[in-house]
Structures are given as C-alpha cells and as structure tokens.
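Same chain, two partners: chain A is paired with chain B first, then with chain C.
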Partner chain A sequence: MKALWFLIPLYLLPLVVTSDTVLTVLIFTFLLSILAIGFNIVFGGAGQLTMFHAAAFGIGSYATFLSMLHFGLPFWLGFLVAVVVIVLVSIVIGWICFKFRLKEFYFAVVTMAFAELCRLIALNWTSVTNGTLGMLVLEKPTLWLPGSGIVKIEQTTPWYFLTLASLTVVLVFSALLMRSWIGRNFSAIRLNEDLAQTLGIDTFRYKLLAFTISNVIAAFAGALYGFYTGFIEPSYLSVTQSLDAIAMALLGGVSTILGPVVGALVLTSLPHLIELPAELRVAVYGIILILVILVMPRGIVGLAAGFFKRQTHAS
Partner chain B sequence: MLLKVENLTKRFGGLVAVSDVSFGIEKGEIIGIFGPNGSGKTTLLSLLAGLLPPTAGHVFWKGEDIAGARPNVIASRGVIKTFQNPQLFSELSVFEHVMIASFLAFTRIKDHSRLSSFLAPGKGEAALRARAEKALSLCRLQGASEKSAAELSYGEEKMLGVAMAMMCEPELLLLDEPASGLGNDEIHNLENVLRDLRAHGTTLCIIDHKVAFLAKFADQAIALQQGCKIAQGRPNDVLADPAVVKAYLGRSHHA
Partner chain C sequence: MTQVVVGQILNGIILGSLYGIIALGVTMTFGITGIVNFALGQFMMIGAYATWYFTDLAKFPFPVAVALAVLISAAAGLLADQALFRFTRNNLVNGLLVSIGLISVTESVALLLFTTTPKNMDTVIAGSWTLGAITLPRMKVVAFLLLAAVIGLTWLGLSRAWLGRATRAYAQNPEAAMLMGVPTKLLQTGVVVYSCAIAGFGGALYACLFSLEPTLGGLFILKGVESAILAGVGNLLGALAGGVILGVTESVGSLYLPSAFRDAYGLVFLVAILLFRPAGLFGGQK
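Right, the complex of A and B next:
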C-alpha cells in the first residue's frame, strides 16, 4: 500500500508539465497499466496464464459503445452493461477451462482460441461492429464534479485525470484484493494447487473468480481506451495486444502491485523516446521479453525490491 | 461411526493398488495402518482425502457417501490429510502458510470479520493469528515463523505440514508417514503434538511402516499387503498375526 504514494506526484504533474505529448503518453500508460494489472491478478496472483485479457479489453470497448449507441445509455451505464457481458463470458470460458483442469500452456492456448473467436466475431459481424473498418466514437464519457456539474471529458488534461483516477481505483482495489484472504487463496493456487485443495480451498471457484475479476478490469481499460482514442476496431482483441500486456507485467514484475504500471510506462514511452518503425517495435518487445526472463525473472520492481532489501540488511 | 469404508478398490490399469478394503473409525480413536512399501497405504489415504477417485466402493463420513468428492469438499467436512513428502508453498513464509491453512476456520466465522478483513487484514484476523501462533509453537516452529518455507529443514517442513493441518480444525486427521525422515528428538515432539490433538478430541488415522511408532499410539491397527487388508485389531494382536509376520519378515517367527 505504501507503494501507492508514488501516485501523488502524478496528480501534480499537469501543474508543471503542459506538453500534450507527455500527458498523452502518460494517458496511454495509465490505460495499458489497467489492462496489465488485470492480467497480473490472474497470472501473478492465481498463476493462470490467460490469453483472454485483450479480448476482454475489446469486448469492454465494443459492449460499452454499442449499448450507448442502441439504448442511449450514458458512458458509465454502458460500461455497466459491458461488465455484465464480460462477467457472463468469463464464467462460461472459465467454467469450461477449469472444469477440464486446463493448466499453464493448455489454458493459454484454449483462452487464446476463445479470444480469437471473439476477434473473428468482431471482424465479421459487420452489421453490428462495422467489421475491419471499426467504429468512430464521437461520444465522450461524462463525470459529475462538485462545483461544475456534469462535465464532458474531452481535452487532454481531463482525460489525464480521469485515467489516473481510474488507475488509482484499480491499483487500490488490486492491492486490497491481493492482501486479503481471497488474494492469499490465489497465491496458494499459484504455488501449489493440490495442497490448496487439501486445505479446503475451492480452487475451481477461486480460479474462476480471478479470471472474472481480471477480465472486468481489462474491459474497464478497453472501454476508456476506445473512448479516449475515439475509435474501436477488431485489433483491440488481437493476440499482439495480449502479448503487449504480458510483456508489461513481466517487465515490471509479476506478483507485485506496481510491476504492471512500471512495465506499461517503459513499454509505452520507449517507442516515443527512440523513434522506431512498427515492425521493429514488435522485435523490441520480443527482445525485452527474452532479456527479462533471462536476467530479471522478477521484473524491474522485483529487482529493485531485492536491491533495497540487501541495502537495509547491509546497513 | 465417524468414518466407514466399504469395499474400497483402486485400480491403476492392471495394478490393483487397493483391493476391497473395508473398516470403520470411531470418534476419538487413533487408527494405525501399516504395511510394507507398495502395500497401498498412501493410495488408501489419498482415496479417503479425495485426491484420487476410487474405482469401486464407498466412503461414508457421518453417514454421507464422500467417495469421489473433490478434496476441498472433503476437507471442508473435517477430513484433512498431510503428505508424506512435505507439500508447501515454497515462496511464502511459515506464518503465511498457517494463515492460508486457516481458511476453513475463517469460513466458519459467521460475523462481519470476513468483510472487514478485506479492508484491514490485521484486524479481522486477530483471532486466527493467535491460533496460528499457538499451532506454530506446538509444532516448535515459533522461531521460524518469518522464515521462508524454502529455508526449513526436512523435519521442520514436515512439522509445518502438521501445523497447517491443525489450523484446518480437522475432526479426522490423516497422517501419511509423519515420522519418516525425522530425528529422535523430532519424533518425540511429534508424539507430543499427536497426544495434544487426541486430547482435544481429534480422531487420527496414521500410516507408517515403523511399526513401533504406531504400536505406541494406536487403539486399532490395520495391516495391508498388496492392497488387501490382511489383519485388523489391537496393535499387538495384529503384530502377532501370522499373516502379518509373514508379510513383514517373509517367514514365520519360529521358522
């Protein structure tokens, strides 16, 4: 929890930095952090290597926008519809995977197949999703703020604060979750599922819970992302998107609270710091993944935590 | 009768690991199951704990058939098993282990502490923490509570398994060779822990191939050989049983 104090300077940053580019990079960082935190709950927490989080991200943006379009709902109610959709989808897919006791790569492959299925639906159900062309999102989320009433979130600075506040909520939630008995049961499953079961932990139920929570968080990131960019397309559900989030969590450090945020910051800002063509960026992701697994299996945050521990022991 | 096993059979392909075994356990009793390596002791215990589904037969727990139920369901009914080779959550500290093991006790708490422990883990779990410390000191692990499980000695690992089982508040505790690999001092401590559990009304089912260890405790003994029950009764009678002597020594005492 103490680690969350780092958020305070981020709230003050727009007072000092007015560059649109910097704030935009940070907005993308916050949004992708939320996605990576979702992945981290099910992988770093309960040890299940999901490949469905990008699909949840895409479903989140599609379902929110479509329910606004067809039922005339405001953004937050539209997102609530998306939550219902993603909870149902997660329960069906999770039920299938965990009933058949799929683990590790088998679980990854099957969730990836389900994710591809969702992407193909988004791609081919042209009458609803507009297929490859994607959908333009002109609506903006609104917020009620004391003093100024209902505000539309349009400019960069309001988006900065909205996404930062969303990240804060998700971070606090995930920190509380991982410290609670639910999080403890998740780690029991990750470290020794058979033992967890003989201690009375319903591993099926807790894996399903982790998978569902993770997908709801990914859907939240997706909903905000679609409305921030003003554009929703089937590639949101792609395997590349999933791998990006995995790279962020691994680079920052899985099973740590801040890891996904640090990873998202590095991988979102890196391409802006070094001008890279898109093809090379994919190669850089690959190289970073390989290096991280070889050199720092616990990620940047894990490495730093270990370093500080040694320092305090030495002094 | 607390637990009643009827014609329990487990086949792995052509191998019959447990063959048509029946017995019963009364509340508060200590039952010892012994037999040579490969006689089906561990398989029998795994069947009772739900780690393996039986091929045939029934296991009645307080009259309810629990054969083939999932391990967590059986555990939540009050039947807990320890492992011969210690099973641990290697990254976590000893204290975290017993806190994970307190989950069943935690689900039995019917007030609001479950919700409040989500927001403030320390507060909602004060009672459980006190119990965890007690279980650790009983198992002589109080000094190791902040250690990572990976740093423990083999004997400490085994005792941590017992401490975790104690946290589950078992009515029936299935112990798979608890004394194997322990030094004399550690065995002595284990005996004290088992006596304490018994004094608190826990029913124990212990398997071991060290006959002497079992004979000291058990009210009732069962001898297994090649998956079959070959004798049952008071420990000394079972040890003197000609079939048992033959299975153990390969020949009769007097030959």
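Right, the complex of A and C next:
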C-alpha cells in the first residue's frame, strides 16, 4: 500500500506541466495500466496465463457505447451494462476452461481462441458494430463534481484527472484484493494448485473469480479508452492488444502492485521520447521488450525491490 | 456442387500443409526447448521474401533461390537462438515475450524494406492437371508433395536415427539424456535452427502460390500453433495431419457457413478438441 503514495505527485503534475503531448502520453499510460492491472490479477495473482483481456477491453468499449447509443443511457450506466455483459461472458468462458482443467499453454490458447471469436464477431456483425470501419464516439462521459455540478469530460486536463482517478481506484482495489483472503487464495493456486486444493481451497471457484474480476477491470479500461480516443474498432480485441498488456505487466514486474503501471509507462512513453518514423517505433518497442526480458526477468519493480532489500541488509 | 466441394477440400489440404510445416516447427521447438517460438511465422516471411527477391529481382533459377532462402532463414534462426532464445529455455512466458519483441522488429524491418504493397512472384510451374471435372494447378500439387516430404523425412529422421533417439531421450528426461552423452545445448540450438529453416522452406513455397505481405507471419504462426495442438503437441506426423484438418475445416466451413467467419471454424474445432481430447486428436508424445 505504501507504494501508492507515488500517485500524489501525479495529481499535482498538471500544475507544472502544461504540454498536451506529455499529458496525452500519461493518459494512455493510465488507461493501459488499468488493462495491465486486470491481466496481473489473473496471471500475477492466480497464475493463469489469460489471453482474453483484450477481448474484455474491446467488449467493454463496444458494450458501453452501444448501450448508450440504443438505450440512451449515460456513460456510467452504459458501463454498468458492459459489466453485466462481461461478467456473463467471463463466467461462460471461465467455466468451460476451468471445468476442463485447462492449464498454462492450453488455457492461453483456448482463451485466445475465444478472444479471436469475439473479435471476428465485432468485425463481421456490421449492422451493429459497423465492421472494420469502427464507430465514432462523439459522446463524452459526464461526472458530477461537488461545486460545479455535472461536467462533461472533454479537454485533456479533465481526462487526465478522470483516468488518474480511475487508475487510483483500480490500484487501491487490486492492492486490497491481493492482501485479502481472496488474494491469498489466488497466490496459493499460483504457487501450487494441487496443494491449494488439498488445503480446502475451491480452486475452480477462485480461478473463475480471478478471471471475472480481471475481465471487468479490462472492460473498464476499454470503456474509458474508447471514449477518450473517440473511436472504437475491432482491433481493440486483437491478440496484439493482449500481448501489449502482457508485455507491460511483465516489464514492470508480475505479482507486484505497481509493476503494470511502471511497465505501461515505459512502453507507452519510450517510443514517443525517441523521434522516429512510425514503423521504426514498433521496432524500438520490440527491442525494449526483448532487452528488458533478457536483462531483468523479474521486471523493473522486481529488480528495484531486490536492490533496496540488498541495500537495507548491507546497512 | 460436388466439384466445388472437392476443389475446396483440395485447397484446404494445400493450405493445411503450409500450416503443417509451421506446426512441425512449433511442436519440435516446444518439446526440446520448452518454449513456443511465436516468431516462427516471421522466418516463414523471411523465406518467402528471400525467394521472391532471388527469383524475380536477382533472376536466379528457382531451386537455387529456394536453397538460398532456406539458408537465410536458418542463419536468421541461428542468430535469434544465440542472441535471444538461448536465455529463455524452459520459460514459456519469457520465450513468448521475446518472440513478440522479435515479431515487432522483423515486421517493421520488412515494412521498411518491402512496403505494404503485396508482391506477386512470377509463376514457377505453370499449367494444371485435370482429373475428371477437377483441375489442379501443378504448382499447388508440387508444393503439397514437397511439404509432406519434408515433414515425413523429419519424422523418419527423428524416429530412426541416433539423433531421433537423442531428441526423444532429451524430451523424456533432460538430465538423464545429458548424462548419457547427449549434447543438449547443441540439440536445442539445432532444433531452433531446423524449425526456422523449414519455416523458411514453407515461406519459399508460399511465395509461389500467394502474394506476399510483411504481415503474413502472424497469421501462419497462429494457424501453426492451432494445428500443433489439434494434433497433439509432440506428434510430428500429426503436425501435418493437424494442419490439413484445420485447412480443410476452414475451406469447407466457409463454403457452407458465412466465409467472413473463416478463421472461427478452425478455432471452434480446436476448442472442442481441447475440451474432449486434451492430448490432441492423435495424442501427444512428449
């Protein structure tokens, strides 16, 4: 929990930095951090290598927008509809995967297959999703603030605070979850599933719970992402998107609270810091990923934690 | 109608043999190094572009071009193994991430070198055979036979020769194999390089049949992994069968059901297989 104090300077940052580019990069960092935290709960927590989080991300943005479009709901109620959808989808897919005891690589492949099915539906159900062209989102989320009433989130700075606040909520939630008995049961499953079962942990139920929570968080990231960019397209559900989030979580350090945020920050900002054409930017992204995995396999946060521990032992 | 169905089945078989050659690489690499080389599709892309370059631009005879393409893929594989995969042995997730990084790098380099414009190679073997009402382009038949031959020879080599015994011994128990004098490091590097070489060979034949785009690797690695799981990971001949089954399912499925969901039929089939026969259709042999 102590780690969460680092968020305070981020709240003060817009007082010093007025550059739209910096704030925009940070907004993307926060949004992708939320997605990576979602992944981290199921992988870093319960040890299940899911590939479904990008699909949940995409479903979150599609379902939120479509329920606003067709039922005239405000953003947050629309998101509530998306949560219901994603919980149902997660329970069905999780039930299938965990009932048949799919593990590791096989679990990854089956969840990836389901994610691809969702992407194909988003791509081909043209009458609802507008297919490859995607959908323009002109609506913006509204927020009730004490003092100023209902505000529409449009400019960069309000978006900065909205996404930062969302990240804070998700971080606190995930930190509390991981410290609770639920989180301990997740860890038991990750470390030794058979042993966890012998100790009386209902592994099926806890894996399903981890999978569902993780997908709801990913859907939250997706809903915000779609409304921030003002554009929703089937590539949100792609395998590449899943892999990006996995890369962020691993880069920062799996099974740590802050890892996904640090990873998202590095992978989102570094390619922008170096002036390069778009194609090479992808190459730089790849090189960063390779170097980090080979040089610090426990991630940046894991490495730093190890370093500090050694320092305190020495002194 | 039967004619169309048979035609689609044959198309599926030929496409499936390309999936099969990737599946063979996936299966072999996973058995020996414990990682899934997701970048294998990129070596196929390298082989395909090399073949196109050497036949169409450098005007080499086709067999020479294929040999060069296979060599280049193998060399790239050796480089990737020594620089990257050597450090991620038996670590599935790190291997996966390193492959993703490699995919990003190779794909963007290919985009810079060859742009997104699809490249079409000149026809290598023209004409077609007619069997009753069905016409079969010769190139497709030759490509299928060559791919099946490579997969068959690999299986034969691994089940008969000393190398095969060493490989299987290693897959069963690495420490014991090491104690019996199996050069495990060499074996691991060899498997990675070989899988890249045959992926490059698949790419060379792909270049003769379809148009080339820098993103072709991504599609084929997914299909290759699917085929390998479908057949049962570790089953070498099954890799070909798995690829063919996947190819036929897709081709025939898109005939009767909406073709936009072409990629979905194989996936549904794969999920069903994993749920009801977790060891794969033909059973894996780790």
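By definition in this document, the second predicted complex is superposed on the first by the 296 of 315 C-alpha atoms of A that agree within 3 Å, B and C clash if a C-alpha of one lies under 4 Å from a C-alpha of the other, contacts with A are read in each partner's own complex, and residues count from 1 in each chain.
In this text, contacts are C-beta pairs under 8 Å (C-beta built on N, C-alpha and C of every residue); 3 or more make two chains touch, one makes a residue touch a chain.
On a predicted model such as this, the values are computed, not experimentally measured, just so you know.
Contacts of A:G230 after superposition on the shared chain: neither chain B nor chain C is touched.
When the shared chain is aligned, chain C comes close enough to touch A:I290, but chain B does not. Annotation for chain A, partner touching more residues between chain B and chain C: C. Legend: residue contacts after superposition of the two complexes on their common chain; A:N185 is shown touching chain B, with no touch to chain C. Shared-chain residue A:L102: touches chain C; no touch with chain B.
Using the contact criterion defined above for the overlaid structures, shared-chain residue A:G306 touches neither chain B nor chain C, since it reaches no partner. In the superposition on chain A, contact of A:T203 is made with chain B only, not with chain C. With both structures placed on the common chain, the touch criterion links A:P74 to neither chain B nor chain C. Of all the residues in chain C, the ones that touch chain A in their complex are 36, 84, 87-88, 91-94, 96-98, 100-105, 107-109, 111-112, 222, 225-226, 229, 258, 260-261, 263-264, 267-268, 270-271, 274-275, 278. Residue ranges on chain A touching chain B, taken from their complex, read 176-177, 179-182, 184-185, 187-188, 191-192, 194-204. Here chain B touches chain A in the complex through residues 49, 51, 70-73, 75-76, 80-81, 83, 87-92, 96, 99-101, 103-104, 106-107, 114, 117-119, 121, 125, 164, 168, going by the rule given at the top. Residues of chain A that touch chain C in their complex: 49, 96, 100, 102, 104-106, 109-110, 113-114, 116-117, 120, 123-124, 239, 243, 246-247, 250, 279-283, 285-290, 293-294, 297.
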